[in-house]
Each structure stands twice: as C-alpha cells, then as structure tokens.
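Listed below are the structures to be examined.
Here come two complexes built around subunit A, the first alongside subunit B, the second alongside subunit C.
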Partner chain A sequence: MDRLINIAAPPLDTEEARARREADAPHSPVASFPGETLRLDAGLVLHDLQIAYQTYGEPNAARTNAILVCHALTGDQHVANVNPVTGKPGWWETLVGPGKPIDTERFYVICANVLGGCMGTTGPSSTNPQTGRPYGLDMPLVTIRDMVNAQAMLLDHLGIERLLCVAGGSMGGMQVLQWVASYPERVVSALPIATAARHSAQNIAFHEVGRQAVMADPDWHGGHYLQFGVTPHRGLAVARMAAHITYMSDQALHRKFGRRLQDRALPTFGFDADFQVESYLRHQGESFVQRFDPNSYLYVTRAMDYFDLAAEYDGVLANAFRGSKTRFCVVSFTSDWLFPTQDSRAIVHALNASGAPVSFAEIESDKGHDAFLLDEPELSDITRGFLDSAAKTAGLPVARDR
Partner chain B sequence: MTGFAWTRAQPLDETAVRTSGGRVDLVVVAEMVAPGSRVLDVGAGDGELLDLLATTRGCDARGIELSREGVNAGVARGLAVIQGDADVDLAHYPDDAFDYVILSQTLQATRRPRWVLEQMLRIGSHAIVSFPNFGHWRSRFDLVVHGRMPVTENMPIAWYETPNIHFCTIRDFVELVEVLGARMERAVALDSSGHRVRFNMPWWVWNLLGEQAVFLLTRK
Partner chain C sequence: MDRLINIAAPPLDTEEARARREADAPHSPVASFPGETLRLDAGLVLHDLQIAYQTYGEPNAARTNAILVCHALTGDQHVANVNPVTGKPGWWETLVGPGKPIDTERFYVICANVLGGCMGTTGPSSTNPQTGRPYGLDMPLVTIRDMVNAQAMLLDHLGIERLLCVAGGSMGGMQVLQWVASYPERVVSALPIATAARHSAQNIAFHEVGRQAVMADPDWHGGHYLQFGVTPHRGLAVARMAAHITYMSDQALHRKFGRRLQDRALPTFGFDADFQVESYLRHQGESFVQRFDPNSYLYVTRAMDYFDLAAEYDGVLANAFRGSKTRFCVVSFTSDWLFPTQDSRAIVHALNASGAPVSFAEIESDKGHDAFLLDEPELSDITRGFLDSAAKTAGLPVARDR
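Up next is the complex of A and B:
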C-alpha cells in the first residue's frame, strides 16, 4: 500500500502539531460563550461553544458596514491575512482587502471558522471541556444551519445587528442562502457564488468516497487517532486528491498538465507519479493533511450533504425567501461541474418566484469550481458593482474614486 | 383597421433624454412607465433602460439579458439583471409580479414571440413592446425595388447573421395583439429620424412612415 500511494507525511510532524494547536488555541481572536448553549439540528445541545474569527477594517459608528464572509469546506477564517499554518496568503485576497471589491477600507469584514472546523471553532479536534480529551466522534453532527446559528451568536457578541452583505462560494454560498432564510431581517444583501440550494446526489457520492478513504485508513482508529498519537493522513490525502479533481475542469487539467511527464523523458512502467497531473495531486494531498483535521473533513462534508434548503420549507425553495427584502447577486462559472450553472439558476428561479430582487451572472472560465477563489476580473467587477449599490441603498458614503 | 388615437405621455426631463444617449425609443418607453412602479426589462442589454427607469422614474427595475457581457456590465453597474433567455425563463415568474414588463427591440429576436407576449401579459399588468417596423417604406423599397432584404440603421445586420428571426410590421403586430385579446392603451411610431409620427393617422400610414413602434398593452 505504502509503495502504491507514496505520500510522505510522517505522523504529527511539526507542521501538523502546529495545525493541531489551532483547534484549541488559534492564531485568531476567539469568542466563547460560557453558560450559553447552541441547539443543533441533530437534536443535541453544544456547551461551551468557541468561535475563532478574523476581522478586517473598522465598523462605522452606526455599525451598518459589516460584511460576513463565509468560507468553503476546507477554508478557514484567514480570508485576507497570511495563514498561520501554511504561511500562504489569505484564501480570498483576490477579492478582500484595501481597495479590493470587498474593500476593507470601507467595510468591516468578518470571517469565522465554521462549526465543525479545525482552526479554532468548536469541532471534532477541539478539546471536549467535559472530558478534557478531543471530541473525536463524540462531537455531534452539525449542519449548515448550525454553522449559521453559531455565526449569528458571534455577530451578537460583536454587536453587529445587520449585515450589509453575506458573501461566500461553494459551502460558503450555502451558508449565505441559509443566512437569508434564517435571519432575513439581518441581511441587506447576499452574494452566493458557485453554490446550490441543495447538495446533489453526485456531490454526496464524491464526499462519501472521501470519507470512506479517511475511515479505511487504519490510523483513523474509529475516529480516536489523536489519542494514539497518529493521524489517518493517507486516507485524508486520497480524499483530497479525489476532491481536488472535482474542483477543476478537464480543460484546466489539460491546459496545466496535459499528458506531460514529471521530471522524466519516458514512462517508468511502474506506479510512481510519471505524469505531472499525478505529481500535482499527490502534492495537493500531502499539503492538505498538514493543515486539516481528518475528522473535521468528515463532519464538514456531512454538513454539506445534509443541506437542502427547500426541505425546510415544504419542498418549495421560493418559500425560503418569501417576504425577504434582501438583494441577491448569484454567480456561477461555465466550467464548474461540481456546482453547475443550473444549480444557480434554480436559486434564481426561486428568488424570482418569491419576488426578491436578484442579479445573476454566469462567468465564462475554464477553471472549474475553483474559479471563485482565483483572479477572475468579471467576478471582481460584479462584486464591486453589487456592493456599491447595496452600500448606496444602505446610505453608506460612496466609494472614493480609484 | 381604423386609426389609433395617440395620447401624449408625461414627458421626461432633458437630463433623462441625455442619459439615454439619444435612443428616443427608450425615452418613449420610459415615458409610458408610471413613476415608482415595478418593472421587468426583458432583453435588458447593458442595462441602459433599467438605469433610465431607476434614476428618472424611481422604479424598482429588473432585467433579463441573454448575453453574458450585457449581464455582467449591468450587474457591475449595480443593476438587478439576470442571465437568462426570454423564450424560457419568463415561465418562472409568478402572475402579476410586475406593473410593467418591457420588451425593447427584442421581440423580433425571440423564438416564440406569441408565447413571450402572453407571458409578459401574465407576469405584468402592463406590457410595453418596441420593435423595428418591417413595413416601413424603406424596407418595402429595398424588397420591391432592389429585391433584397433591408439593412438599415435599426436593422444593421445582414440576413445571414442577424439574430432577428421574427420580423413583423406594425399591422402584423396589431393583429397579434387582437389574437391575444389584449388591449392597446397607447401606441407611438417613430420615423427614421427618431421623431414621433405626430398625427392621428390610419394604421397603413403608420405602417409606412414608422421605422419603429412602441405599444403599451394591458390585459382585457
């Protein structure tokens, strides 16, 4: 097995130890809610919730300029600063920062690690205060709505009553939709990108493959690997490799790698990474396991699987947005086959049916689902225009000329 | 068919005409819209009319546009525009969702003009339709004298490349309105220099002199 998938990641090396520390003592401000409980969709109650978050910019006097950014499956709260675990730039620095479309000189931008995550918000790798040991699988399953309810507690903690905008891509977009459904009066505008109102059967299937890879790794130990001082890094790496394919497009893979060989002129007639695309995927798998908790991967993928917004509203998605005054801008990408345009269109049709003001743009890109994280000038222009008009409606000062 | 009593709408101020960049048909359309109403512009282009309606009429103006470039330009201007196809997407709007549904210079490019008009009258209490008149004397001249499909300022693209697949004349349109059982509230014809055909005339004169026509329809 080791020879076939040669992923060099010794258990709990220094980087991993660093990542592990983030779960309890993150490099981020932490909001804790002693004595408060969070009632979960699973029917259980979570005590001693902790939320790790980052903020950028300053709230105005009326506290009307706050924008909540929601991160995707393997993202975190480090939107626009150097990531303390990877040392890489924030995951949405293309869009968030001073003078950027989500302008931190105008807006007060907040991003929290999701419930079930591993970067400081309560999740399976956090220490269970009742046992003093990591939760592991004792952590109750969480849903997208639970994540949003936790974020609402954070906003109360920060003294933000209304959000000028909630924005996010992929699973972040699911949270955006849930925000408007759960707290319509708290959201002035919503920017769901490359997302869907329900996770498709195909996407649940991909997630199941990933989870099975993690759970099939003997180092998973039924979810209690931390107590054994190991981590199912092989399983998680395979999960990441499979998932990574779904984030790209055939076209982009061809453009980037084609059938080119990796540092060799001829195939080796073995199972080494002959092709550049193999080498790339292995690298993606290896670097992912350095920063992400395997149990978190199980929990957060599960939360996405369970997401079906219409189900909460008698199967009619339009009912989720009925009476909402929130302005929407829905964005999809032509080559995204994980959250294809038809998913976005279904959201738009529901919004039309409910009478909500909505814009919808499909952006031409060959970069697949990942396009929402990459430098897409049209996404920048649309985001800027949408936020400018939302800010105008909310009576904020106009943007200064750039 | 008899002549139609042309009634004068509330004129827009000069700024409005200027911002419309000289497209008189857009001003004519905007003048038919009551201030503060809910409007859907089908085939919104880059959002020029939406902008005009929002800024000068205080309308809640939304648009549908087929071209990605048009949509992205409109959304970047802060307008509520969705990427969609009039021939398909109008079905997804509920009854009476808007006060006005506008089809500006787009009817001739739809695959199902009759269906589109029916949907417009279902979704909105008013429908406003503007289209190039194929019955204009110049078109007839091109056909009869030159024996060729007309190419004019309003119809600038050659027959083999034009997206305009359903041209009609003013008389044709009036007939369709009758078939649909809709009521004509107002009609304006614009001559080739963009001026209104000012007088009450029989339809055949309008059909000859009007290069473009704008109709305001309601359900009977």
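Up next is the complex of A and C:
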C-alpha cells in the first residue's frame, strides 16, 4: 500500500518468483502414488498423482484426532506455518495452532494443496508424464469431487481412516460438503464456512472475467506460456484485482480507504493510483502473480463453477446427506455478498431435511467474504465449542482449561 | 447469446468498427466553438471544443420547454433514434419519444455526447489541434463539472437559457446534480436516477480494474494505439465484462441464466463458454469494443471516480444546493448495488437540509443498476408525473389526455 504499482509497466520478475515457488514447494512433504490412478469426473484418468501437504500436531494412538483443513481458491497447504513463498504467516493461524480453536496440541491437522493447484500437488504446471513437458491445458479439468477423492488417497497414505472434522471456508467449504457426500462414514463432524452447495451465476460470471483476463494476455500462449519462458502476469493481476473486490464488503472498502488519496492532498488528474483503494488493489494484483500459477487459476475457478452438489443427487441437496451421521456446524457472515447467508441457509435446510444434526451461525461482520480468514472472535468461539463437542463425542480427552 | 465468442481468439475487426464509428459520428450535429476555450478542473484549457448532440421535438416560442438528458458512462447522444453505430434503438426509448414520459411532442429534448466521449464530442480520440494527431493521453483529464460546463456552452449555442428539466441515470445523474450546483438559475427541475453525489470506494475499485485491464493490453501502447493501427480490444472487453456484472443484480443473473448450460446438456470440462452467463458476458465484451474507444473508457471512468460534489462545498453536500429553487425528484432501485438507495438517500437528506423541494422514490425492482435503462413502469409513471408538474409550474400547456 505504500508503493505505487502499475501492472501495465515493464514485466515483474515472475520468472524468479516461479523459480522460488518451485524451489520452495518441496518444503512440504509430497505423497506419491506410483501405479495408482485417479479417475476424474471429466472421464479421464490421472497418472503419477502427487499431493503436497502439511501436518501439524500428532495423531493419537487410535488415530481418532485428525482434522482435515481444506483451503480456498488461492490458498495452499501452509495453514499454520510461515509460507515459504510469501514469507507471511500461514493463512489460518487465527484458528489453527497450539492452543488455538483448531488446537494442534490436541488434534492432528492435515492440509493438502488441492488438485489443480500450484504448490506441489499435480496441476497444470506439473510435468505431464506422457510428454515430459508441463501439462498446460492438457491437464484434464478437475472438480471439487476430484479434489476430495485425491485428499482421500492422501488420508489412506497417512493411515487416517476417519476424520474428527473436516473444515474450510469458501471453496474449502465446498470440499467439506463434498467430503460428507462422498465419504459420510469417514467424517465425524463438518465445519463449512462462508460457502455454498452450488456456485451462483454471479460468481461464475466473476470467475469468467478473471479467466478471460488471463486468456486475453498474449503471454498466455494458449496455456503453454511456460514453454515460452513468459507468464501472463498482467492478465492474472487484473483477475486478482477484480476478485479481490468481491472478497471485501462495500463497508470494509469504505472504512479502510473511503475516497482518501494516496500520499497527496490533491488528485493528479492522471491514471496513476490516485486513490488509496487503487494502490491497494494494484498491490494485491502484483503480489498475487508472484505466488500463483495462471493456469492453476483457470483450473481451480472452473472447479468451483462446476460445483453443484445437488446435481449429483437428482437435484435434491438433502439426498447428498441422507443417512449421514456427520454433525454439522454451518457458518456465514452478514456482509459476505459472494457467498451470502442465503447460500448457507440452503445448506442448513437440506441438512434439516436429511435429518442430519446441524447448528448454524450467521456472524455479524462488516468484513465481507474475507471475514473467514480474519480474526473474528465469534468464529474462534464457535469453532472451539464445536470441536470440543465433537471430540467429546469421539471419546477424546477433554481440553485442558485455558 | 446464441454465439460463442472467445475474446482470446484472433482480433475482432475493430479497425472497421472505428472507421464506421467515425463515419457515422457526423450523423449528429456538432457544435463548434471557434475562438472560445473551456477551462478544465485539471487547470488546463481546451481549444477547438466540439460537442456532438441530438435534439428531439421543437422549442416553444418562449424556449421554456427544453429538457437536457445526460447519458451514462458508455451511453451517447442517441437517446431516442436508431444508433448509427449499433443499429439498435436509442438507449432511453423507454422514456423519451412522442407520447412517452419525456414527451418529444411537448418538450424539446437535447442530449450531448459527454466531454471525453467518443461519439463526436472532443475526447482522447479527437485530433489534438496542436499536433494534428489524436490526443491519446495528451487529452487533459475531465471532470463531471467540465462535462456540465461544456453542455452549458451547447445550450448557449442552441439559445436555451433555462432547462425545464435536466434528467439522467448513473453518471447522467451525477451531471444532473452538478448542473443544479453549477447553474441553479438555469434548471427548473432535476431528475437524478440511480446515482450518487460521490463515487464510492467500491465503485472506484471496479473502475480501476477496468482501466488496468485496458492498460495491461500490449495493444494499448501507452494510450497511443491509434498511431499503431491497433486497439486494446481484449483489455476493453474484459473491462466491460467486469463492469457488466455490476450493472445487474445477483437475482437478475440467476433469473436470466442460473447455472444453465449453453446449447448442451453436459459440461464440456473445458474453458469454452459452458454456462449461458459466460456466453452472455463474452458477447457484452465483444459488442462493446465495436462501439467504444478504450481511452474514452479511461477518461470517463476517471471523471466518475473524481466526482464528490460535497468536496466543492466544504464537505457539506447541502451547500451545493443552498438557495436553489430547483425542484427535485430522486429515484433509486431496490436491487441496485452499484448505486444503492443509501446514496440516493444521502442526496435527499442534503436537499432537505438545503430547503430544496424534493420527492424521492425507491422503486422495487430485481434488475439491478440497469433498471434505469429498462422498461420499468413505475419509473415511467414517476417521470411523467414529475414533468407534468414541472411543466405546469412553468406555465406550459397541460398535457393532452392519453
């Protein structure tokens, strides 16, 4: 925010950024599955699957204390450790860590980079074993269900049969819902936050704008930019800027920036970042392209677009949860206009109809969709209470008084 | 909507489109002001101003029946005639025409292409008289007040001293407010629709994304693309797509498109326009670049960003209207999230504080910001009633029964 960044200016050093990302990705353990295949919803089969992940805490002797955290669109496996690419804290350190609501002193916490991602799990920037070159658009499209199936393979690899909880916000919440639908017997409790059982027309529209921004960049080269030694960083930055607006509320933008000018008293009557909100957005765009692969952005947004859990169950969402014994806690935020409370209510209504035990909280916040990533005391309290209760039901030792 | 358009595909024929636009622009009368200058808020002076405009109906003998219509960001002077560039009906034929609420059998209706525009009024694609080449970014930035000052010159040119009404939606509504502030004695009544007295942080943010999309297109060439025989059509299309989402409501997008697929039963598992909403947006982007100049898009969005009427009056909006005898009718739409009702209420509160006569209507509609351009019977009724009353006050003959 203290710098003016013009994404139309000379290219950013994204080659270096990618090299750093690739060098750093091995910081995470990577599970390989030689000889196994993953059958995708697209009808194709993925060979040589690799899943990069992080774990925190230790499994107990009965292996009943595992919690799977699912990350959102541009998240990664670095939930609660310094991110090796950005040098910033893990993306959910507000909730995950020793003594935190998702307490790594009690629970064995697992998070994997999603299928289609760019932090070590197989995605479009991975090497296609059939050609020896990066997949690019030859990588088959993946769905939220494919992501969950890959995570299930990882759990098998780690020797975790049942999850005490699967938790996540936004696209992470979609995975939570899919987990219960696909593997009801493996999930004791589920915490979907700021999410929806299907992506709305407006959200598909915003994703399409982002994809078109990437694909309109001549450096995209039909998805094969890695072979040309370039990256469509300008298009990706525009995509990130547009998306970032949707993560915040009008009120949050007003409170943070209003119409305040950047480092000056009067407008410049030009196209530099006159307003603080412009400078902030440019910075968001610029820093994002240093850490994210443009093709992964296409794949993962597409997976969200395709998500419509009811469609797998004759259009009746309740059928997705029929017979499940999983306990649910559904959370939304009042100012989230990307995944508004009505989306969470639809999930709750379906769970009610299926007879599943569910609690629901709409948290008062003016921080928009981003609230699930921020320090929201009510979210912390709800998460702690829900996990305490789930742990008690599962026969885990009670939490120490804090 | 019936075609798949991929803006990442080979360039559209925008050269031809521009030639057509330039050939057609003279369809409108153009007012020139030889020897006169327009002093801009940016502190610079504009020479050889040209204003392209349309008129409908005839002035009465006393010249008391003139109504100025102000167009929005991507509108133009073709309010109520077939647009020579698009071949489509005028943009406000729902409200303007013979027997319509803004009745061209009673009123003399004027609309000018805004300063900075690309339909014949001086803008960045106009020839810079000092160089003989298109201005590009050498055109000084313009403000809403500059646009209004240029319109005032046009009215002088047309021999219209006072306006029975000045009316417009969105950026048109900003001009309406500025008209009363700058020329209170020239405006009998004012009809600002779906607008605000200042542009919000969120709206500045969306505009900045659009500008960055244009400026990130290598074909933009620092604004001098005309000299290179190209146009940054890909960037402009992305800008339009992002903006278009903000013109509609979530409900309208859901009602129009939902998650329906485009001409097929199953998803393609690719990046073509699978969903109807994607195809629609691509079409919006593609058709826009055929009719609009990318630099004009930068200039006119910037004018909106800078609009903060209270700032000219010690931060007190009511002072902008103090002493004015203009009668106001302020209109908003329930589902407009770009210019929400609270923005209109702020205008009404200021008018109340200034003692100006004002009526206010929030119209129930699920069509979002676009509602002001669509067939909204309540808007028609309100407009007809308000103008009837203004005409009566001004001593015009009563309207015939219809």
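As a working rule, the second predicted complex is superposed on the first by the 380 of 402 C-alpha atoms of A that agree within 3 Å, B and C clash if a C-alpha of one lies under 4 Å from a C-alpha of the other, contacts with A are read in each partner's own complex, and residues count from 1 in each chain.
Methods note: a residue touches a chain if its C-beta (ideal position, glycine included) is under 8 Å from a C-beta of that chain, and two chains touch if they have at least 3 such contacts.
A quick note: this is a predicted structure, and the numbers were derived from the prediction, not measured.
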Please determine, from the superposition on subunit A, whether subunit B and subunit C clash or fit.
fit
With the two complexes superposed on chain A, say which partner A:L281 touches: subunit B (first), subunit C (second), both, or neither.
second
Considering only the touch criterion stated at the top, classify A:L261 as touching first (subunit B), second (subunit C), both, or neither.
neither
Which holds for A:L158: it touches subunit B only (first), subunit C only (second), both, or neither?
neither
For A:A361, decide between first (touching subunit B), second (touching subunit C), both and neither.
first
Between subunit B (first) and subunit C (second), which, if any, makes contact with A:K392: first, second, both or neither?
first
See if subunit A has more residues touched by subunit B or by subunit C, and give me that chain.
C
Check whether A:L253 is in contact with subunit B, with subunit C, with both or with neither, and answer first, second, both or neither.
second
Does subunit B (first) or subunit C (second) touch A:N352, or do both, or does neither?
first
Where the C-alpha centre of subunit A sits as vertex, the angle toward subunit B and subunit C in the overlay (nearest 10 degrees)
90
Rounded to the nearest angstrom, what is the minimum C-alpha distance from subunit B to subunit C in the superposition?
21
Shared subunit A surface residues [contacts with subunit B and with subunit C]
none
Show me the residue ranges of subunit C that touch subunit A in the complex, using the header's touch definition.
6-8, 41-43, 137, 140-141, 198-202, 204-206, 208-209, 211-213, 215-218, 220, 234-235, 237-238, 241-242, 245, 248, 250, 253-254, 256-259, 267, 269-271, 273-275, 277-278, 281-282, 285, 298, 302, 305-306, 308, 337, 340
Note: in the complex, subunit B contacts subunit A through residues 60, 62, 68, 71-72, 74-84, 89, 92-94, 97
Which residues of subunit A touch subunit B once you look at their complex with the stated criterion?
327, 329-330, 345, 348-349, 352-353, 355, 357-364, 378, 381-382, 384-386, 388-389, 392
